[in-house]
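Both of the next two complexes hold subunit A, though its partner changes from subunit B to subunit C.
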Partner chain A sequence: MGLDLSSDFDGNRIQAIVDEHINLEGPLLPILHAVQEDLGCIPQEALPVIANKLNLSRAEVHGVMSFYHDFREQPAGRHVVKICRAEACQSMGSDAIAEHAKSRFKIGFGDTAPDGSVTLEAVYCLGLCACAPAAMVDGKVIGRVDEARIDAISSEVRS
Partner chain B sequence: MTVTIYIPGDSGAVALGADDVAQAIVGEAQKRGADIKLVRNGSRGLYWLEPMLEVATDGGRIAYGPVSVGDVSALFDAEFLSGGAHALSLGNPEDIPFLKNQTRLTFARCGIVDPVSLEDYEAHDGLKGLRNAVSMAASDIVQTVTDSGLRGRGGAGFPTGIKWKTVLDEAGPQKYIVCNADEGDSGTFADRMIMEGDPFVLIEGMAIAGLATAATKGYIYLRSEYPDAIRIMNAAIGIAREKGVLGASVLGSGKAFDIEVRVGAGAYVCGEETSLLNSLEGKRGVVRAKPPLPAHKGFLGRPTVINNVISLASVPVILDKGADYYRDFGMGRSRGTIPIQIAGNVKHGGLYETAFGLTLGEIVDEIGGGTATGREVKAVQVGGPLGAYFPRELFDTPFDYEAFAGKDGLIGHAGIVVFDETADMMKQARFAFEFCAIESCGKCTPCRIGAVRGAETVEKIMQGIDREKNLELVADLCNTMKFGSLCALGGFTPYPVMSALTHFPDDFRKNPYLQAAE
Partner chain C sequence: MRLIQETDFGTPASRSEKTVMLTIDGFEVTVPEGTSVMRASQEVGISVPKLCATDMVDAFGSCRLCVVEIEGRNGTPSSCTTPVADGMVVHTQTGKLKDIRRGVMELYISDHPLDCLTCAANGDCELQDMAGAVGLRDVRYGYEGDNHVVARNSDQPNMRWMPKDESNPYFTYDPSKCIVCSRCVRACEEVQGTFALTIEGRGFDSRVSPGMHEDFLSSECVSCGACVQACPTATLTEKSVIEIGQPEHSVVTTCAYCGVGCSFKAEMRGEELVRMVPYKDGKANRGHSCVKGRFAYGYANHQDRILNPMIRDTIDEPWREVSWDEALSFTTNKLKKLQKDHGKNSIGVITSSRCTNEETYLVQKLTRAVFGNNNTDTCARVCHSPTGYGLGQAFGTSAGTQDFDSVEHTDVVIVIGANPTDGHPVFGSRLKKRLREGAQLIVIDPRRIDLVRSPHIKAAHHLPLRPGTNVAVLTALAHVIVTEGLMDEAFIRERCDWDEFQDYAEFAADERHSPEATEQLTGVPAEELRKAARLFAKGGNGAIYYGLGITEHSQGSTAVMALANLAMMTGNIGRKGVGVNPLRGQNNVQGSCDMGSFPHELPGYRHVKLPEVRAIFESLWGVEIDSEPGLRIPNMLDAAVDGTFKGIYIQGEDILQSDPDTHHVAAGLAAMECVVVHDLFLNETANYAHVFLPGSTFLEKDGTFTNAERRINRVRKVMSPKNGYADWEITQLLANAMGGNWSYSHPSEIMAEIAATTPSFANVTYDLLEEKGSIQWPCNEAHPDGSPIMHVDGFVRGKGKFIVTEYVATDERTGPRFPLLLTTGRILSQYNVGAQTRRTANVAWHEEDRLEIHPHDAEQRGIRDGDFVRLASRAGETSLRALITDRVAPGVVYTTFHHPGTQANVITTDYSDWATNCPEYKVTAVQVTPSNGPTEWQVEYDAQAKQSRRIVHAEPAE
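Coming up: the complex of A and B.
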């Protein structure tokens, strides 16, 4: 991906984030969220810093991080489009919407476009089941998504 | 005179354009010199009418919906600020049959109040339950909850009072109240609506639970897919702390209780209570073997009450109006009210709180109004991804924990998802396995491997390969998963699969070539 984190990796920044959360009961998830919020992902280089502070092994921190769908090792595209693939949305034709999105964005679920413009993700329920099919674009919720809406999103994220 | 306009900030309404409508109303009001006050309330739960705005007039609230940005100027022309007539006018929202016929106990304030105004909350009977609890002995609070008949709304239906009693009886310097706000089931949004529309009721319920069990610290494990709920919940907690509802001395009682929101990270299995506790501790969300129960050894090995959002949010009204009041609603061993979430391919989708006992048919056909597409209803999945698919022949099943169990189904978190006749139940069966495979915590083989094998086998049936043999294999796999899984993810995935197979056998015996041509 465009961003090379290894060269300008800032260990002090990670330290500061860890310090900020260290007194919580069970601080690891809040730390991982905060690191991702700050850097856009959780780079491998961050793991030993976190592990060291929490008295865990690097493998343990990696194990936790890799368990959860939310945490990413590579930064996402400039825009993130999530499409709900769960049953309520299926009942309103989300499978076709998902196919349409894949062909419009020319990427699969879990992929980022080569130009870094957009990442497409599957999500299982956004709690918008009474206005299905649902999607989320950069944290903004959208209900009753149709193909035209996907087209509009596609033009937005590529501009 | 300032006119108050309510436009839901509920994410379901926002998903349908409520933010844009709010902006347009404010802009138009400025242009016309109209003096308005905008409140971003929760949703009343009539999603087919969202964005539904309400104007506070001398004659009460008047609703308009569904409003789009293009309607705004015409609404002003029609003098909607004083309740003027317009094609979108719905009159008094509480007279809309969908709302009027409900029994709103847990959702009494949702869609009515300003979610982040404690004054508004108190003006609508808020904090009465907690005030009562403050002057009661812990064991009396627990007894009241037990007597109310309240059972856990997260899925398992375990009596809430009994859970609390176990924690109260457990000695320990630090106990916890953990609220399960992971709401991962497709077709459910009641937790989200409460957290976005009436967050103080959850705070009040948790504080009562704290007083009842001598727990001083609460956590809300809230899924990351709900950013609006996270924001509103945090704002409400801040206000509650400032006003002394939370903190070192809850309402001046001298007893401490505080709450912290913790954000999940996109794992469905973390809704399972022991997986959730591991996640809260900063571990992989792997399910723990029971015993020990969380009530004995929960968060950080300490006694912990873990309850669903709706279970906890139902406690304040019980402490306010009494156990009998609540228990007198319902049927059999399912007491009180249940917020049914009507979702999917349905005309009138939304939240319908009512006493237990309506039949599935009444819910789908009468209240839901049939499908959104206007086609025949083919199947209804009740209780989320681990719930069974019900055919029309079973629509006489009353909404009751035991009645659903008796039909090889479950109520779960009370979400129902309607499918029209275009649904392919074989695809739904395959999805149930796929979902289990994606979300399995990996601890036990029947779930981890069985789900993958199950999806592959359904795939073969789709292709017409050894159909009858593979159908048998699916049934066999389901049996192994049902009896060999540690938790309900692996253990209940057979419900959607087997119900699809049993009630819709024809869908599994279609000509594969026809399918390929679709």
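Coming up: the complex of A and C.
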């Protein structure tokens, strides 16, 4: 099937994670979460292993994983900064914030800094519209983000 | 002639018997409950615009084009997902709906190329049709922004654009034309059951993805083409359509590969075949197909095909191309001389399970009426002859009891000695669909076939028996049913002979048949077997499907009887969802048996010894028919070696490659003085032939095939025979050259003769086939419309007969020299000896036969995956490459037999079924050792084949 099962990929580890969750109803999403939690990402080699254990096709598992932007094929940087680009935040100036963040981090959305310090991502609504523009740093939401706040985050994640 | 356009009702038919009345655009409509508003509209000829709906798959409701307004309901529901309700008043065209539809289409077209005039789907594009239907006149969004259409956006590479995937040999995937309607994904899931496609990403990023963003060829795709058929645009398109253009007329015909007998529309441009599209009214396939039927017809134009008759005096000479007259007089002189010198029984025929009923009928008539003997046999000898015998004994008729639709009503299925997803793929898909709906499956097979476990399918029980122990396992199942009191006593008392059942029950109940007692022998865990027996007996409608893994054994007939016993004792005969169903290997193996191909039977399975049966044919043919049965294929070969059988006419069968013990077949053929091969290609048998008569393909002739469900399907000529004559005409030419005085001008006249002489075909005519599409025999006074299900009110023979099935181990046993058991089978992309499929692009999936061997056995022998190995049995040896897999159990090896270079039948022995001589292909004791390459036999054989295939072409006429 043309897949290079590279040497550092631990199929047994994936199998063990699948085994932990296989009795859940609808186990695929919990398994994908657990794999990402464990390995920091979901390497493509893991998908056929999961598919086989769950008796699904590779295509189906790929379809589910690729549907959710939070599931990543490559590990993220040490910190993950998400900036909300949904309607409420846009109306409160999040486009400018986003541009500022990009130039500050010197990366675009979806990219990870070459030194692995930070990954910048767009997100569409954090449910924090009342405090727009909003962002999220390593899972913690932040309201009323401005350029100064981005600068602070930047120096924090680079340290 | 015109292009047949089948109405697409948008959603599948509802099976409900309750009806609902509603009003659509002012018309009153009555439809079954559960029907969609879309389908109800189409029933009265109102087409609601649609893109994501098609009646092969369930409604999805994603395109938002089929919205309607329903009085008393809010909003604009999609008509495909809204079921009808009594008294509903629906409007399919209002100002509001028109606006919505135009808006939706505008969005679709804003991300779709505008190359309609040069697009392969031009003239067959639903997107184009819908743009017309909704009156799209303008796309206000422009084409400048984000899109999937162009490779470069103002000098920047467009990251959303993806190049065409042309990896599949038969169709292309052009993502730039995709509207993400999911029809392909759903067809792959719901119709084919492979789940090879998905929609990756979300929103504007959504794309159709084979596997994990792979190309089609390396994905899980099995190339059935259901996605191509479902695609409303040019995204998935047959390469033949891209190359040739749209067809202008079509003809419904029947596939010439396996015994499923799928109906296809051959879509033509003039005499050129553009594509094969499964016909939704085809009752065997219901609009589905596999990679062979839909795509693998290229052999008809392959350069290897022989189009002129050829002769030679001895087989070491090159072939000489000659005229038909010369070939026929050469043949006639030889055959007549042989009969004069060696007696009338010194020649015979082999009929073909690949040819039509009418052609088969003529070939057996040739030997019976013109040669004056009963020396006729057919390849069913080597596949389903035990089915004929076993089911004939138990039920009174030799055929399968059900139609394929029956699988939709089954609750528990036993699949034994068959691999439907490879061998009978369209039935495999229909079975998988039923399994996904909740039916349970018991697989009895030495190998872990795909049905044991593949996406969304899992057998409740897999009994991995040791090859050769079918009868022991089946009797053990009966043991559990009898001793645990799981049988259907009422059924047995009413339908079967109770005393015979008592005898059988006593036999089966004997402790030596218990699962525990036979476990050592069969390798099947006793507890698993007990559970399987209980499930089958008490799980609802129980159906048995079996293949050559049952019949091709020294106890093939006994195993068929054991299956009949199981069905009878559990009351699983005579209604929908049950039955004993042989999966026939070849398109017309049922028909060739029906047509009197066997040496002891006249058409309709009536013994030649019966004077009243002979009288029917004698009075019609004006000849006397020999009352002695003739020779079976193995007897012909033995007699040839002994010097008493001298000449043979073989239509469409490659006995050298397909029959067991190749050395013996070769010796028999070499000993004959006139071997006439009538085929498309210089097959392996032709290496020993003196006359080659070029055959015609199923596309080039009229006739009928009878599939595994006894369904007589029409084969229709769509192009002129490239060799000049249809096969039935060639047999007639030969018969007349021999003094036969036949005058058939169309196969319908041959069918009329069959109907006039054979009670089960009494009412069959081409007119009736035209009217009904197809008919399942028996079709006579008692069953004027044919018989979808047999033995409904009682068995054909009267009372069902239980027959004691004592297990007798085959003489073919493993020992120190040959410690492994070899069993054989087929693969999806190739067909039998591969004469056709090897000459198509299907070789992309299977270039060579491989030997499947368990890692444990491989390691012991120092064999790595892909190594050349020597495979030796008591009969001979060959070599091929190994494939290490745990699909086979330790101690068992497996191979396919599609390639002549492999010569798997050099290995198989000449052991055969006790009743019918069906060879024991499925069990051979072998040894596997590392090897460097082809064996001496393979090298010699290859040299002989090359030598034998030389042709001296005729000078063109002045």
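Assume the second predicted complex is superposed on the first by the 152 of 159 C-alpha atoms of A that agree within 3 Å, B and C clash if a C-alpha of one lies under 4 Å from a C-alpha of the other, contacts with A are read in each partner's own complex, and residues count from 1 in each chain.
Just so it is clear, a residue touches a chain if its C-beta (ideal position, glycine included) is under 8 Å from a C-beta of that chain, and two chains touch if they have at least 3 such contacts.
No experiment lies behind these values; they were computed from the predicted model shown.
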Does subunit B (first) or subunit C (second) touch A:57, or do both, or does neither?
second
Greater residue coverage of subunit A in the superposed arrangement, subunit B or subunit C:
B
Please work out whether A:67 is in contact with subunit B alone, subunit C alone, both, or neither, and reply first, second, both or neither.
both
Of the partners subunit B and subunit C, which touch A:10 in the superposed model: first, second, both, neither?
neither
Output check: A:99 vs subunit B and subunit C. Expected answer is one of first, second, both, neither. What do you get?
neither
Check the residue A:151 against both partner chains and state whether it touches subunit B (first), subunit C (second), both, or neither.
neither
With the two structures laid over each other on chain A, which partner does A:47 touch: subunit B (first), subunit C (second), both, or neither?
second
On subunit A, the residue positions that both subunit B and subunit C contact, one per complex:
63, 67, 69
What part of subunit B is in contact with subunit A in the complex they form?
11-12, 14-16, 47-48, 50, 183-189, 191-192, 224-228, 260, 262-268, 279-286, 299-300, 341-346, 349-351, 372, 381, 385, 415, 417-420, 423, 428, 431, 435, 438-439
Name, in rising order, each residue of subunit C that touches subunit A in their complex.
194-202, 209-214, 218-220, 453-458
Subunit C touches which residues of subunit A in the complex?
1-2, 44, 47-48, 51, 55-63, 66-67, 69
Which residues, counting only subunit A, touch subunit B once they are in their complex?
24-30, 32-33, 54, 63-64, 67-71, 86-92, 123-132, 134, 136, 139, 141-144
